[in-house]
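Below you'll find a set of structures to go through.
In the two complexes that follow, chain A is the common piece, with chain B as its partner first and chain C second.
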Partner chain A sequence: MSQSASVLLMGHPNVGKSALFNRLAGASIAESNYPGTTVEYTKSQLRLNNEPVPIIDVPGTFSLEPKDRAESVAIGFLESEVNPTVVCVIDATRIERGLNLVLEILDRGYEVVIALNMWDEARRKGVDIDADMLADRLGVPVVQTVATEGDGVDDLRSILDRANSSSLASITDRLPSKVHDDSIITGDEPAARWDIVDTIVESVVTYQETDPSLSDQLGQLTIAPKTGLPFAIAVLYGVWAFFSSVAGFFTDGYFVPLFDDHWLPWIQSAFPAEGSWLYFLLVGDPTAVNSFEAFGVLTSGLFVAVGVVLPAILALYLVLALLEDSGYIARLAVLLDAAFHRIGLHGYAIVPMVLSFGCNVPGVAATRTLETNKQRFLTMTLLSVFIPCGAQLGVMLSLIPQYAGYILLYLLVGFFVFGAVLNRIVPGSAPEVAVDIPPLRRPRLANVIMKLSVRIRGFMMSAVPFVLAGVGIVNLLYLGGAVDWLATVFQPVLSGWFGVPEETVPALIAGFMRKDLAIAQLSAVSMSPFQTVMSVVMVSIYFPCVATFAMLIKEGRTSGGIIRAVGGALATLVAALFIWGGLLRVIGIILGVA
Partner chain B sequence: MRVDEVYFGVLGVAVGLMGLLAVVRGLGLALPNPISTLGVLTISGTFLLWRGVILLSASAFYLQGVVEGLDRRNAQGTVFLGSLMLWIVAGTDLLARLLETIPGGSEQWLASSGEILAVLGPPFSPSVVAAPFALSALAYWSQENEQ
Partner chain C sequence: MSDNKSKAESQSSVGANGVSCRRGCRRKGNRRQCKRLSDLECGETGTIECVECGRPNLHSMGVRPGKRITVCTKHPFDGPVVVSVGRSTVSLSRSHARQLEVTTEQ
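What follows is the complex of A and B.
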């Protein structure tokens, strides 16, 4: 092996590549207990004999025939690196398909080391693999690892420079006679490759009878609709209750009194030149008594970003991380598969969807793991139109707790209704895929904390500036008279179609920057309860925030072209805004509340 | 009949009754809150209907486990899942109470320890009452680890 050639970690999704990467490189990237976490590659340095060697965590791939973008990225790596050392990571509890990929990689002549990961789980399930024999048969080094504990990682590191290539012909020669027939040597034939896999497995793996464990039983019960659906209700209730009480603890318990009673009055009086444009920009209304309504960069801007949205994001990401790591999200996906099929998606659309509840940006990015352009377009569009992000939910929860649940429900119903319609009219296919369910595991604290801190840091760096800038821009537009002008222009549509006052215009402008800010802005407008609900729904649907929009453009480029993807998304959201928003008004009129 | 079958049978019926009451009250029917007669139990608050539905399902899981026979792993799993649901509701319920109290209202940043302890006392919601009894399902878990 040449010294500077890179090390590629390859294997199926969810076998522990990222966990091994973190151990080998001392890095910290997200490991999640569901397939498709790593859609971008991550590169780092590994110290090998005191020399830095590049190491790359490649997105999971099932085979070397790419089926989705993440897989193409993976295969692209393999082909573009010069003499890479490929660490094939195999889930020891599912050794067959892992070996199949190994054979494919060997067949192309790469130098390979095998990490038999999840060794702990294999042992618990009574799967015993003779690693030495496997190494002999394949002619490449094999190490048993438990990536989460770091077991075997040193062995793996020390064995990297013994990576080997091995032809399928030589492997077949070393096998017991059964498959010794010449037709097999062409390993490119999938069936022939599977024959070799079967023979290897037969000779190196012994299965002991074990009772299915309680967690296996629970795993089964959580995906059977009869028991799984009630349990899902309990989990979702728990998520919501946890989210609202933790976010409320920080926001209502501490930040509201801190900002309203101390910071706001202080800055209102201490900031010089009341009445100047600068005062208006940074402090806002000198007579405001609460931090939502003052609307200056340093008052509402700071308050919304730090006092409301940060706690909400923290609470939400914490439960999401727990759910991800326990393997429950993938089960939810299976459970909801039938519902998703109606809108042309499969259950795995739940992964981008769940991520979107944190923030739409990673949600849209995660659509990359979906198979066809149609599925990607559908998911991307529906997410950015109908799924409120955690920041937005946090502000809703703090301003209108009594309606937040209903608004969320109305948006989710919209997600499925528009999904079903789009599925009819968008051309393309939405193939069935076998969903891969990871086992239920106890979430690991270290991993949860690591993921949480990465995401919170990301939030602080990207979202906070947008919130502050959003307040600034709206205030500048006020000063320039643009807000008043827009309000007059849009007044007929706003009051005619949606039945909301023209004072919602600044909120709609703020919504271009951040949805959370837009909803905070709405609190300053005096409206009936129904108008409040209506305007929150409008703000949620009408346009994705800048960051999401940028992501839509980026992903749209590779999902059928920018014009088609983004144009389609915009058309959908205009239709959704008028139809779904108008319908809400009709419902309000029927109920006699509008 | 095994001891655990009797135990979870009784618990299942009790949880079911509380769940039924929660659903009925959650739907807005004027059944009395048991707090008036049984000082420690209160069936009220937000999301009552949903919590009632969860209690009813947990009860159904218990009863199903008992009917199938708790010597079977699958039935033990069902009972465990029911307990898990109770713990989720009870846990978030206590957490919400605690987090609401800790900031201590206006003019103070931290409630006194007395105030904090008081909210952890009665009256309790049905899930909190049932949760400790549901803990015995953990036996199925530890049984397995001993093997």
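What follows is the complex of A and C.
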């Protein structure tokens, strides 16, 4: 085996490949309890006999015939690597289907090591596998692992250089009975493979009946419509309540006094050259008494990024991590499947949607697990238009807590209404899918903390500079007169169609950079409550922030072409802005508040 | 042995699989009944006769001929059918469930 040959972790979705990868390579990538967490490969280094060997966490795949883009990536890897060592990761509690993939990989002549992961769960469920006999039958090394605890990982590492290839014919020869040979002769490949699997399982696995565990019972209750739907509503409401109260607790209780009473007055007086353009750029309004309205890079910029958005994002990512790791998202997907079918999607579109509430960027990336271009286009367009990100929600909760929930509901209804329309006019198919429901698991604290720290670090590195730069750019445009000019140009549309003052223009400009910043901008404009709600809805719907837009372009390229995907998304957002925004105004007029 | 034969048979027939399934069912005698999975009640168990041949990805999830399958829940408005098969829980869309033929003990 050459030293540079890489190690590929392959297996079905949700069997613990990423968890093993983290253990083997000392990396920290997301592990979640739903199929399709890993849509992008991750590469790292593994030290083997003091030599660095590349190791790759490949997206999960059910078979070597891809059914979506994430699976094609997986198979692409297998085919493009030179002499890879394939670590086939199998969920020991359901060994059959894992073995089927192993045989498929062996059939193509790859060198394989098998990790029988989830060994702890298998024992709990009364599944006993004779690993030595399995290794004999298959002719490749087999190791039992518990990736989350790190058990067996050292064994796995030490056995990597004993990876072996083994032909199906030689495996069949080693089987105790050869009754199934006839199907191999008929050339019915998949059936022959399954016959081998069944014979192997028969001889190496014993199942003991165990009572259903608490997680099994909860798993059943949360997926049955009668108990699951009320539970889902409670969970979603609970998520919202937690998010809004925790975010408010830190922002109002801690950051608002800190910034308004100490930081703002101090920097207003301490910063030299009041009246200069630099003062305007960095500190903003010298008379402002609250940190939202000063609008300098070091006042509002810092306050929004650190004081408002950071606590909100922290709270939201915490509940997202709990949802992801518990395996509940897959149950939500099943409960909502019928509703999503009305808009040409299926329940699993909930995954990108839920991720989008954290940030639209990973949401758009997660559309890769959907099967067709139409589904990907629909999902990425709808979520970038209608789903407000956590940062934006955080600022909304801080500025207009009494309306934030209703605005969110109005946007979600828009998601489905426009989804139904798009489903009619966008050509393409929406295949029916079968999805795997993972067992409910107790989220592991270490994993939740790791996820939070990765995401918060990402936020500090990429979002905070954008917020600060956004404030700076808007202020520069002010100084250059561009804001006033744009305000006069758009005044007829803004007041004529939407009924909001032209002073909202800076917010709309800031919206290109960051939606949270845009909402913060609105706080400086004096408006009626309805106008505030209206302009918040406009900022939400209209143009996605640059980061999301870049992701749309990237993913659009492979979902029917940039022109179609991005053009379609832009057309949708313009239509949504005018129709859904206009409708809100009509509602306001009918209710007598506009 | 005879079980295996009918398994291979129902798999190798492409296309008009409905017919071949029913044939497979009759052979087993009349104590068994051939049904669509979507017609099973919650909690009912059957043996998969034939999964539409054009859906290999169902096979790779463990939904394949000869396996015992139990309906856990059926969702309203033509929603998915959640089944338990081969120690996993899988959610099948209604149209999958209609194409999936199972035999049940009477």
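By definition in this document, the second predicted complex is superposed on the first by the 585 of 594 C-alpha atoms of A that agree within 3 Å, B and C clash if a C-alpha of one lies under 4 Å from a C-alpha of the other, contacts with A are read in each partner's own complex, and residues count from 1 in each chain.
Simple rule for what comes next: a contact is a pair of C-beta atoms (placed from the backbone, for glycine too) under 8 Å apart; a residue touches a chain by one contact, two chains touch by 3 or more.
On a predicted model such as this, the values are computed, not experimentally measured, just so you know.
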- prompt: Should the superposition on chain A be reported as showing a clash between chain B and chain C, or a fit?
  reply: fit
Query: After superposition on the shared chain, which partner residues are touched by A:M396: those of chain B (first), chain C (second), both, or neither?
result: neither
Task: For A:I437, select first, second, both or neither according to whether it touches chain B, chain C, the two together, or no partner.
output: second
Task: Applying the touch criterion given at the start, work out whether A:L101 contacts chain B, chain C, both or neither, answering first, second, both or neither.
output: second
Query: Counting residues of chain A in contact, which comes out ahead: chain B or chain C?
result: C
Task: Please work out whether A:M118 is in contact with chain B alone, chain C alone, both, or neither, and reply first, second, both or neither.
output: neither
Message: Looking at A:G248 after the superposition, I want to know if it touches chain B, chain C, both of them or none. Which is it: first, second, both, neither?
response: first
Message: With both complexes superposed on chain A, which partner does A:P230 reach: first (chain B), second (chain C), both or neither?
response: first
Message: Quick test of understanding: once the structures are aligned on A, what is the angle at the Cα centre of chain A formed with chain B and chain C, as a multiple of 10 degrees?
response: 80
Query: In the superposed arrangement, does A:T93 touch chain B (first), chain C (second), both or neither?
result: second
- request: Scan A:P257 for contacts with chain B and chain C and give back first, second, both or neither.
  value: first
Task: Could you tell me if A:G238 is touching chain B, chain C, both of them or neither one (first, second, both, neither)?
output: first
Three-chain overlay, closest Cα atoms of chain B and chain C, distance in Å: 12
Task: Kindly list the residues of chain A that each of chain B and chain C touches, one partner per complex.
output: 220
Message: Could you list, by residue number, the parts of chain B that touch chain A in their complex?
response: 47, 50-51, 53-54, 57-58, 60-61, 73-74, 76-78, 80-81, 84-85, 88-89, 91-93, 95-96, 99-100, 102-103, 106, 109, 140-141, 144, 147
- line: As the complex stands, chain C meets chain A at residues 1, 4, 7-8, 11-12, 56-64, 72-73, 75-80, 82, 86-96
Contact footprint of chain B on chain A as seen in their complex: 211-214, 217-218, 220-222, 227, 230-231, 233-235, 237-238, 241-242, 244-246, 248-249, 252-254, 257
Task: Would you mind writing out the residues of chain A in touch with chain C in their complex?
output: 62-63, 65, 67, 93-94, 96-97, 100-101, 125, 127, 179-180, 182-183, 186, 188, 190-191, 194-195, 219-220, 223-225, 228, 330, 333-335, 337-339, 341, 346-347, 432-437, 439
